[in-house]
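Please go over the structures that come below.
Across the two complexes that follow, subunit A remains constant while its partner is subunit B and subsequently subunit C.
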Partner chain A sequence: MFDFDSARKLVEVDDLKMYFPIHTGLLRRHTGNVKAVDGVSFDIFEGETLGLVGESGCGKSTCGRTVLRLYEPTSGQIRLDGRGLAWGNPVARRVRNRSDRVGNWAAGLVFTIGAGLLVGALVRGSVTGGWAIAGLVALVIALTLAALYGAAYVSRRMLMSSEGVSDKDFAPSEGALRRLRPTMQMVFQDPQASLNPRMTLAGIIGEPLSEHSGMSAKEREARIYELMDAVGLNRDFANRYPHEFSGGQRQRIGIARALALNPKFIVCDEPIAALDVSIQAQVVNLLEDLQERLGLTYLFISHDLSMVRHIADRVAVMYLGKVVELAPRDVLYDEPLHPYTRALLSAVPEPDPAAHETAQREVLQGDVPSPANPPKGCNFCTRCPQVMDICRRIDPEYLEVQPRRFVACHLHYEHQETAEATAA
Partner chain B sequence: MLTYTIRRLILAVPTLLFISLVIFLIVKLSPSDPTAGLPLTIPPEVREQIRQSLGVNDPVFVQYFKWLKLMVWNEPLHLIESWTGWQVGPEGPRIISYQTRSPVMDLIMQRMPQTLWVVGTSYIVGILIAVPIGVISAYRQYSIFDQVGTFISMLGFSVPTFFTGVLFIVIFAVQLGWFPSVYDTTHVVTDWDSFVVQLKQIIMPVMVLGLYNASQISRFMRASMLDNLNQDYVRTARAKGLTEKVVVLVHVLRNSMIPVVTVIALNVPSVFGGAIITEQVFKVNGIGQLLIIAIQGGDIPVVQTVSFIFAILIVLFNLLADVLYGVLDPRIRYD
Partner chain C sequence: MTDSADRPNQPMQTAGATPAGAAPVMELEAYRPPRNQWWDVWDQFKSHKGAMVGLGFFVFALLFVYVGPLIWTIDPTYIDIRARNSGPSMAHPMGADQLGRDTLARMMTGGRTSIAVGLTAMLLSLVLGTLIGVLAGYFKKLDGPLMRTTDLFLALPLLPLLLVIIMLFRDQLRAAFGPEGGIFVLIVVVIGITSWMQTARVVRGDVLALKEREFVLAARSIGTPSSRMILRHILPNVMSPIMVSATLGIANAIITESALSFLGLGFPSDFPTWGRLLFDATDWLQQNPERVIWPGLAISLTVLSVNYIGDGLRDALDPRIRGR
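Now for the complex of A and B:
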């Protein structure tokens, strides 16, 4: 069992929201949002596996991708190893936008004036000779660039001090984010589609190495072979293309690629969903084995509840863009608190036929509401077997109801009235 | 791959024979008379003698097999002889044009450079314009650049070249007087000034044809890029921490080029065919013009031979496109 008390938080996600805009009509106006991830908070301790479960379309994969900043989150904070990956607060984002706009205006102004003066001088004939003209053109371009970056920088500093925003609140730039990529990697769901069909295995595994590490070709080759050994791929396969492998082998390639840069944190986005049952166990055992040897931290996204029970230390349950319950694995499976978790767990097939016949299943009625138009109050209120009046009015807060057990449900608040009062 | 190519080449032989027969029959069935273009003062019995000497009165199949023998045996040998200087030239006749009384192959060889020069340049220019436009349009889908690019390529697509050609002449040659309206094929580039003259006269035909080619290829490029940009492996590439430039230009572009390269290869025969109409508009005396004049004059040997050479090129470039597909896409194997 994972020792939570001595562990350090590696990943901290706070109120993460990822909305995808909907554009409709002739003018493609912005008419709404698909709230794929709608205010999710969780921490992942170093060395643990956090399972993320939920039915299809509940935002699990989007959540995993957003945590790795493969999407630009709408709001919320993500910290990996103490370093911010997203905007620390909305003010910082506004500061950046405004200062960028100031830079653009300044650059436009400088360019217009410079170009105007230059054209005027050319028309009057006071500047002649190719080199003089070329030099002046270069000067105008240089001044424009200086205005673009200089004005943006100065205005950002000024706004930062007046708004009380520090450097740490800014999201990393594209380049800075790129340099952080080696610490966080992802194993993708579809092992076929996620590998470039025109690259050989060595090319796929070696590309991040040549991008981020200053290895020589020889060292790179050695590292590629080392990784192939680690995931159990034959070294002779190095120059083959992805389509020449089986599904399980392809997923091993994906894992080797993710491991190439010695990441600390790996998001496994349904890594076994596309695989044969006989291969699933191999891949999961490989992931566990690698975790033990390399001290990896996983966010394991899956809809296979038995597999999550096998691999995860803690489990988060998502429903319609929100985490409804997060708890250590054993207590969650033994005694689920949220009605949705109970329904989900009761759907797990029972291997014993006799028990299967008698199993008490909690079957939910109705369909999942659209994430573009979630119900008022609790997201689950349309299907909850224990729905109460308050559920339809107030969205339950996500609270730690017992030590290390988080749940978002009105059933488990000790002081419902207080919750109502604070929410209102 | 080699066995596949050889098999395809062998299979091409009956195809080409059939094509040549169909072309021959169509041309023969059309009511054209090789003596129709001759002066009216020539008496009918002389005309009949001329027809007799041309062999027009023989049965159709006799004529066809005579032509076929010359096409597949005598002419290639002559070609080899003229290229290498070896004395392999067979005794006997060659395919002779009714109009000029010179061998058809000589006519084609005279006109090939002009066509390759003008139409080939326009094809290359079209590709060079189309690929970046397609890439940017797809990468910034629905942006202003994409909308403008879509509009222009729809325009280039739907407006025929005989219209854009005349329009360009009216605007740039007649109104503005920037470029000459006629392409002078006798012009020789010797120094900078003559190069500028060459550049000026080639710009309009190249732009007219280039616009047409570019609008086609840029559509293909855009569609293919869009197809690939949403693929999972692009997300993998981003997750690897590659720069956006590498993601788009190495991962996406390389995969998107597969169908585009085949389309480009498939259209190459049309370069040899010359843009028949555009050559007429700009008075380029290339293959296209040769074909038009031959059709007008009922010059069956020229029409037949030129069309047959096109057929060979189309078959060959179809094969080349298929082979290229196999080379570019490791998932496709022909063995």
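Now for the complex of A and C:
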């Protein structure tokens, strides 16, 4: 069992929100948001596997991708190894927007004045000759650019000191994010779709190396072979193309690519969903084996509860963009606290036919509400078998009800009266 | 795992140095090293019969127009007045025209211009169309402006535009590049900038679809910057439509050049091109039908061979078709 007391937090996610805008009508006006991830918080300890489960469409994959900053999160903080990946604080984002606007205005002003003077000079005929005109045009462009960046920089510095924002609160720039990429990688759901059909295996596995490592071709080749050995691919396959492999082999190529830069943290986005059962075991064993040898940390996204039970140390259950329960694996499977977790676990097929017949299943009624228009109160209140009056009014807080057990449910919330009081 | 037993289980903590450095040297020799992809392309191309015939004819056409004049040394402008309107003979294997100029020599010189115009104009329109298509498809901000520009070009009436361009720039270009060179540049540029729109549209559509594919997301998670994303992941995957436009583009360019020459906007009337020869010969269709056949045959066969080359190249560049 994973030792949580001595472990260090590698990934910290705090109130992460990822909304996708909905544009409708002839004018493509912004009329609403799909709240794919709506206020998710969790930590991942170094060396552990956090399972993320939930039914399809609940935002698991979006959550994983947002944590890796493949999407620009709407709000919330992500820290990997102490370094911020997103806007540390909304004030910083406002500072950036305002200073950018100042830069734009300054550039517009300088350009208008410069272009006006230039046109005036040309009309009056005080400037003649191709080189003089070209030089003046270049000067106007240079001054405009200088105003754009200079004014933005100066106003940002001023706003930063007046608003009390430090450099750390800004989201990393494109370049800085690119330099952080080697520490975090991803294994994708569909191994066919996630490999470029026009690249050879060596090219695919070598791509992260040529992007980040600055190795020579010879070193890269050696490293590619080493990775192929590590994931159990024959070295002779280096020249082959993705369509020449089976599903399991393709997924191993994806894993080798993710491992190429010695990452600390890997998001496995349903890595076994597209594989058949015999291959699933191979891939999961490979992932576990690599974790042991390389000390990797996984965020393992899956809808296969038995597989998550096998691989994860802790499990987070998501429903409609929110984490409803997060607990160490064994207690979660033995004694689920949230009604949704109970329903989900009771849906796992029973291998024993006799027990299968008599199993007490909690079958949920109705459909998942639309993430564009979630219900008032608790997201689960429309389908919950134990729904109470309060659930339809107040969104339950996500709290640690027992040590290391987080639940968002009024059933386990001891201070209901105070909650109502604060809400009212 | 199925096939991990026969493999040494190497530790892999460090990136650069192989820990078991000494042992795998022998093994490395046994495996095929990563081979240049273009050899696979060539292997597949060779197996496409049509493409090989096309390539053969195209090489023959190139030799005919570039090496031919060294062997058949009659000046295409030399007038042999006694041979005018004559059919094929030993002195003039393809006959002679109404002024007595040797048709074989004129075919060689004319082909040089026609093929050069076709290839350069096609390349220009291809580069322009691909560039605009990829930029419009990949960068959302550029999509609107670039596609509206494309629509603008599509809506322009072609012939009046050509007339205006040629009237405006012919004399400057002639002064800068010489009489024939100037017209060559003018015609190539005019054909290039009026025929890139279809390529741009097709490429943009494909790029839009490709951009949503998971392997592009995977490359983003690696941290591949936009420039290499386009070169490594987008462009190779839009190769097929580009190839098709390229082969159609050559044919289109050769024919447009003929049409321009016919209208008197292209090369001067005494300067032979295949299109020019064809149009000149139409007046003599009754008397000397073979004079139409030669340039017509040359244009059709060149276009056909280029189409087959493009077809073979497209198949050869797609690894899923390759090796079938």
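In this section, the second predicted complex is superposed on the first by the 422 of 424 C-alpha atoms of A that agree within 3 Å, B and C clash if a C-alpha of one lies under 4 Å from a C-alpha of the other, contacts with A are read in each partner's own complex, and residues count from 1 in each chain.
Here is the rule we go by: a contact is a pair of C-beta atoms (placed from the backbone, for glycine too) under 8 Å apart; a residue touches a chain by one contact, two chains touch by 3 or more.
In this text, all values refer to a predicted model and were calculated from it rather than measured experimentally.
Participant: Using the overlay on subunit A, decide if subunit B and subunit C clash or can fit next to each other.
Facilitator: They clash: once the shared chain is superposed, the two partners overlap in space.
Participant: Would you sort A:Asn285 into first (subunit B), second (subunit C), both or neither based on which partner it touches?
Facilitator: The answer is second: A:Asn285 touches subunit C but not subunit B.
Participant: If we overlay the two complexes on their shared chain A, which of subunit B and subunit C does A:Val34 touch? Say first, second, both or neither.
Facilitator: neither
Participant: Which holds for A:Val323: it touches subunit B only (first), subunit C only (second), both, or neither?
Facilitator: Once the two structures are laid over each other on A, A:Val323 reaches no partner at all.
Participant: So, does A:Gln185 touch the first partner subunit B, the second partner subunit C, both, or neither?
Facilitator: A:Gln185: touches subunit B and subunit C.
Participant: Going by the contact rule set out at the top, does A:Arg198 touch subunit B (first), subunit C (second), both, or neither?
Facilitator: both
Participant: Which partner does A:Leu68 contact after superposing on A: first (subunit B), second (subunit C), both, neither?
Facilitator: After superposition on chain A, A:Leu68 lies in contact with both partners, subunit B and subunit C.
Participant: Tell me the contact category for A:Glu211 with respect to subunit B and subunit C: first, second, both or neither.
Facilitator: The answer is both, since A:Glu211 touches subunit B and subunit C.
Participant: Touching A:Asn234 in the superposition: subunit B (first), subunit C (second), both, neither?
Facilitator: second
Participant: Which partner, subunit B or subunit C, is in contact with more residues of subunit A?
Facilitator: Looking at subunit B versus subunit C, the one contacting more residues of subunit A is C.
Participant: Applying the document's definition of touch, where does A:Arg293 land relative to subunit B and subunit C: first, second, both, or neither?
Facilitator: Second partner only, subunit C.
Participant: Do any residues of subunit A touch both subunit B and subunit C, and if so, which are they?
Facilitator: Overlap of subunit B and subunit C footprints on subunit A: residues 65, 68, 70, 178-179, 181-182, 185-186, 188-190, 193-198, 207-208, 211-212, 241, 243, 254, 257, 261.
Participant: Can you list the residues on subunit B that touch subunit A in the complex?
Facilitator: Per the touch definition, subunit B meets subunit A at residues 142, 231-233, 235-244, 246, 251, 254-255, 328-331.
Participant: Under the touch definition given earlier, write down the residues of subunit C that touch subunit A in their complex.
Facilitator: For this pair, the touching residues of subunit C are 1-4, 7-13, 15-16, 18, 24, 27-28, 31-35, 37, 40, 213-215, 217-225, 228, 232-233, 236-237, 239, 317-320.
Participant: Give every residue of subunit A touching subunit C within the complex, in rising order.
Facilitator: It is residues 65, 68, 70, 177-179, 181-182, 184-186, 188-190, 193-200, 202-203, 207-208, 211-213, 215, 219, 221-227, 229-230, 232, 234-236, 238-239, 241, 243, 254, 257, 259, 261-262, 282, 285-286, 293-294 of subunit A that touch subunit C.
Participant: Quick check: in the complex, which residue numbers of subunit A touch subunit B?
Facilitator: 28, 65, 68, 70, 174, 178-182, 185-186, 188-190, 193-198, 207-208, 211-212, 241, 243, 254, 257, 261
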